[in-house]
């Protein structure tokens, strides 16, 4: 299957976000195209995670406009963002600790489940059928991420790396149009990162999902992203294809260091 | 087992009301021991078992279920809440319920409440006597007109029981009744007493139990309300209620359930000689004869006398069933002589029960705390049957309708 | 039969979504239910029914409700006693004000009323959380205590404030004897436990747990916190309300607000914590522990005392009961902080591996 | 008008008395993240110890000096509270490091049962008196300004002063000393605190001991007001709205919360109560706290509840 | 191993069980010589964190237990010690997943790190300055509550907090996680600097094998709760398997992440 990068799906214009005196984001504009892998990089505390939080409605920027599929998006709560097809993973793993891997991923199907509470209480036909139908989808994701063996394990007991994978699985279960990944490969070794890259690229390929990726491993970023935004101290200092960014002197100074 | 008459003893020696429940329980148990020391009820020895329920209704019910299986004669829970719950169960199990000085006032009507025996006095008696006493102090009931009387009460069915009667009396005599509820257990009454300070009622009726009583007295002292103007019900007129306040409670009066502290009565002397001297006393010696101790003791006495009466009909020297005891309780006739024989001369007035009157004696008097002990300070009062009776009848009729009970007719009563 | 899941392959997702995925579990629980319906009525005496089994069943039902809210949705509540009271008084009023309303309908309507009020009292949870919420729910508790005591309408203007219900019957079945009362409660409990289990393994249950474990993340994947929290309040209140109505109607017969005091709220919360938060089974364990243990100690201690020739006074027994009960709570928590249900699960896990240690 | 002030002052002083109990909750929560359900039981236990010790000391001294007897009793009760703290740490807390709030709450419930049982077994379950010479009669002030003057309860006034001093000292301790900082760290994350060498065992003994002393002071004041008996443990319920209104983690919050609750509930009972049948103060206090929480979910002075991804 | 260096830490065949039933470490042994940097490598769930917890005695709070084997610190058994005792002996752990005190400010976090020190305020202040020098970013955020700082800032804070104790042995659990490449490099430079100048010993669990092996002296590779390979860092770096699985290198240089195959050959040590 071949990817075709399409039109702009999400357009951020002049976004500014402050917390009291802290300016997390200052006047940032960039866009995200359909089907592309868009990376956001920058030093610690640059505002990358905050940017994702703005995109899916956890933070509300004081200034700026967001256009989603050409329409301006007004005040947006996270669950509304979710229902418009934006999913994400978290930098500090935010899995549901008390639930099994399977249940965690099943929560991702929540938006797609329709039966009412009464049917669920009685476990009547439609509820059961729906449950099985979604279970099938989730099993596909589990197979895809190669985590069959831990299906029933409570996520709290899993090692860090696998938790990250489950986190990804939960986001995938939403069948999102845009998938926001916040350092999905932190705490993994090369082998595992390779696996993770493969998953991300496959998702991007097979379902055409647009991906926004924050990552500190430059190898990964340069290899798999189509375009890269660079933030520093809440300001945008670079934007372009990987090679362009890599040679941008400002980026080198602020982030990459001489080694790269 | 067949040779012994079993008395279950529901007690609360712990928990919020433990300090008040303990002397009552000691008196109750001591009297049972005394009966045995005197040779039992016509030779039938008495056995008993305590069950602690900490004044919690559901634990009280558990105790009831547990002890009833052991062949209970009568139950006396010393808790209005448990009484309400058992009122539903007793008819099924056929065990009489003696509630001396508490419980539902309308259960005086034995034609409806077959199994309830509020012997010696109900709250309506207490409330009625209180008003009579206040009237007398002002020089006649008509002088109550325009007076303001505050009722500081435990916010529970117990505390609410007197309200209908007081309202009735207020209508009759034209005084205003101010209601001031205090939440369980009653340790916070500042707002209540601020209101009293503002409204300056002419008298305060105290309808508390346990720590609420001493707290009220302390707050009265702290707000400068004269204790002489306060009158308590018999559950607010014992040593634990005032001891801790000491001189601060001087002048405070309470209605008695006929008896007060009776250290000089014959029964107390017997008790000391026949039970405590042998080292079989339940509680400390200096408690014997105190108000709540006497209350427990008398409660036990009426139950024993019920059994004795029953034996007259169903066979002396036999163990009575609950049903037989019920008959005994319903036909009690303790005149002055009988009481004197039992050692209660000067402590109680005669008690005579019947099918329509399960209370047996509507008398009470007042005693006053002098800083160290309780002293009687009034003559006997008799609750006014003209006021009481209609209320008892209408309330019990209403209950009968609700529960679809047909009251017993006088003929049925005879059986 | 050895407790093993080997050889039990599931070929469909439906099979894997059964309540009990291991056959032995299923047979065990079915056997237990059968025993409860058939064996217990033959074995137990009246005291067992009235003083232990019926309270146990009803409080288990209430604990189940509390567990849905606290254990599954993570909203700590100390208002459970109030909800029981609402259920009881609402059912009472349906019973006496509507002529000929059937008992079961009155009970369920009591539950429904509680559910509606549960939503109202649940609204603060949208803003306030954790222990703050727990303490704030006491407002509901004390308000209800007060309202049922003070507002005569609820008690049909009974002068003492105490109400009573008798002559229960459902579908022409007069529920008089302790056995019948027991079976009646048992039917309710089994049905409701089944509902609870279904809810917790369905999408709504997952929403509750998600909110409990990490509410921001839950919102990000599209769960509406308001819906999840308030539905949990409603369902849980429904359970608790029905339990309250049963408590009043079947167990006590006559009650006053003190029967549903703040102590009851605490008691219910403790049941679910000691039994195991987020576990249906745990609600039963917790209720059993908290209902039966004190009674057991109360009866066993004098016996043990007399064994050594010591006569313990009633007060002494009560105090010793406190000490032992408290120590047992601490002991079990140290052995397994997640409650008795988890202890049970670990035991099963060990059994599965047996005779190997790991 | 005079009456209004009287109610106001009465409320303020009642509030201070609640603060004293609330303080115990705050201390332990702040230093270990445990919501100490046993605080009421600790108050009862300490008061029982105090009452009985002073009774015994008084007998031993031949009833000569009440002051000396009380002093001995106070020290004795202090030692007892230290031992209690030590045992609790040894047998309970140590084994529950890093567990969730609900588990710890439950454990403190177990502690409460044990304390109530042991306390009454050791010291008895009847009513005892603590007489530290608190004046019991009221004083009337400002008689020239208001009709009837304003009545002030001397006992409450002294108690309020003591509470204020205690809170002041503890506030300084928490905000300004390294130990205070360490305690706050423990409350945030037991494990991380351990990892940097904060000895959980010792800090817990210290905190529970301080809370025990606070309970002792509360016990003395409440006990001399109410008499020492079982119901003393229930004053904890009155202190809870104070704790959440002020914020679970704020020592000064306990005072401010106490004042607001005290004034709120007394004014409501006196001015609103009569219209609805009275007895509203307890739920009103909780409702009042709840209203404040809707605006500040962490209480007036509590640390902001951190909620981010 | 270099005989000139005394063994600082010796871990002897330990077995760890969580929750009474989950066996995680199945006999792990290794030793850390004084003044060296030792790296524990291994994939997710290999047991690195568990090993570090076993050393610092933090297992207890996770309901884990060392059921066999022993941990010795300079010949002294540590099983019976509290984590506090260990810190006083100079062993400090930087926990995986940061674990900053969320309600405390960055500066307060750092200061609590010096809790066990007794050498006076001035000395603590000096170390504080040093830490701020290492991580200037922390200085700018010193008054923010830790919970509101970014992931990387928290990581710096956690490392800085451990350094505040002036430790002799630092157990670093994934120090590079979530840090920008530049900072990662800096962290390791700091490690090296402390190691060389102050003789601090380091035991680090790290996924970033590349950089870990560059700075470490020795390495152990854990897999599935067992040590599967050990040796000097330089040796490990040259091992074929390590190259392929841990460094992402193949004979033709670094592989692109875009072109990884779905199936790879099995690791040799597994067979």
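Letters A, B, C, D and E mark the chains in the order given here, with residues in each chain numbered from 1 onward.
By definition in this document, a contact is a pair of C-beta atoms (placed from the backbone, for glycine too) under 8 Å apart; a residue touches a chain by one contact, two chains touch by 3 or more.
Remember, it's a predicted structure, so these values are computed and weren't measured experimentally.
Asker: Count the smallest number of chain-to-chain hops linking chain B with chain E, moving only between touching chains.
Answerer: The fewest steps needed to get from chain B to chain E is 2.
Asker: What are the mutual neighbours of chain A and chain D in this structure?
Answerer: C, E
Asker: Taking CA centroids for every chain, report which one is farthest away from chain D.
Answerer: Ranked by distance of C-alpha centres from chain D, the top chain is A.
Asker: Which chain lies at the heart of the structure, taking centres as C-alpha averages?
Answerer: Measuring from the global C-alpha mean, the nearest chain centre belongs to C.
Asker: Comparing the two chain pairs, does C-D have more C-beta contacts than B-D, or is it the other way round?
Answerer: Top pair by contacting C-beta pairs is C-D.
Asker: Using Cα averages as centroids, what's the distance between chain C and chain E in whole Å?
Answerer: Distance between chain centres: 47 Å.
Asker: Using the average of all C-alpha atoms in each chain as its centre, how far is it in Å between chain D and chain E?
Answerer: Distance between chain centres: 44 Å.
Asker: Between chain B and chain C, what is the gap in Å from one C-alpha centre to the other?
Answerer: Chain centroid spacing, chain B to chain C, equals 37 Å.
Asker: Take the average of all CA coordinates in chain A, do the same for chain C, and state the distance between these two points in whole angstrom.
Answerer: 41
Asker: For chain C, which residues are shared contacts with two or more other chains?
Answerer: Each of 145-146, 149-150, 216-217, 220, 315, 319, 337 in chain C touches at least two other chains.
Asker: Going by the contact rule already set, what residues in chain B reach two or more other chains?
Answerer: Within chain B, the residues that touch at least two other chains are 13-14, 18, 22, 155, 181, 183.
Asker: Which residue numbers or ranges of chain E touch two or more of the other chains?
Answerer: Residues 22, 148 of chain E each touch two or more of the other chains.
Asker: Mind listing the chain E positions that touch chain A in their complex?
Answerer: Contact set of chain E toward chain A: 18, 22, 41-46, 49, 96-98, 137, 141, 144, 148-153, 155-156, 174, 177-185, 207-210, 245-248, 254-258, 260, 262.
Asker: Name, in rising order, each residue of chain B that touches chain D in their complex.
Answerer: Within the complex, chain B contacts chain D at residues 13-16, 18-19, 22, 155, 179-183, 185-188, 190-192, 194-195, 197-198, 210-211, 214-215, 218, 221-224, 240, 243-244, 248.
Asker: Would you mind writing out the residues of chain C in touch with chain B in their complex?
Answerer: The touching residues are 45-47, 50-52, 55, 145-146, 149-150, 159-162, 164, 166-167, 251-256, 258-259, 261, 263, 295, 298-299, 313-315, 317-319.
Asker: Along chain E, where are the residues that touch chain D in the complex?
Answerer: Going through chain E, the ones touching chain D are 56, 58, 60-62, 82-84, 86-88, 92-95, 99-104, 108-109, 111-113, 115-116, 145, 147-148, 161-162, 164-165.
Asker: Would you mind writing out the residues of chain C in touch with chain E in their complex?
Answerer: 337, 346, 349-350, 353, 358
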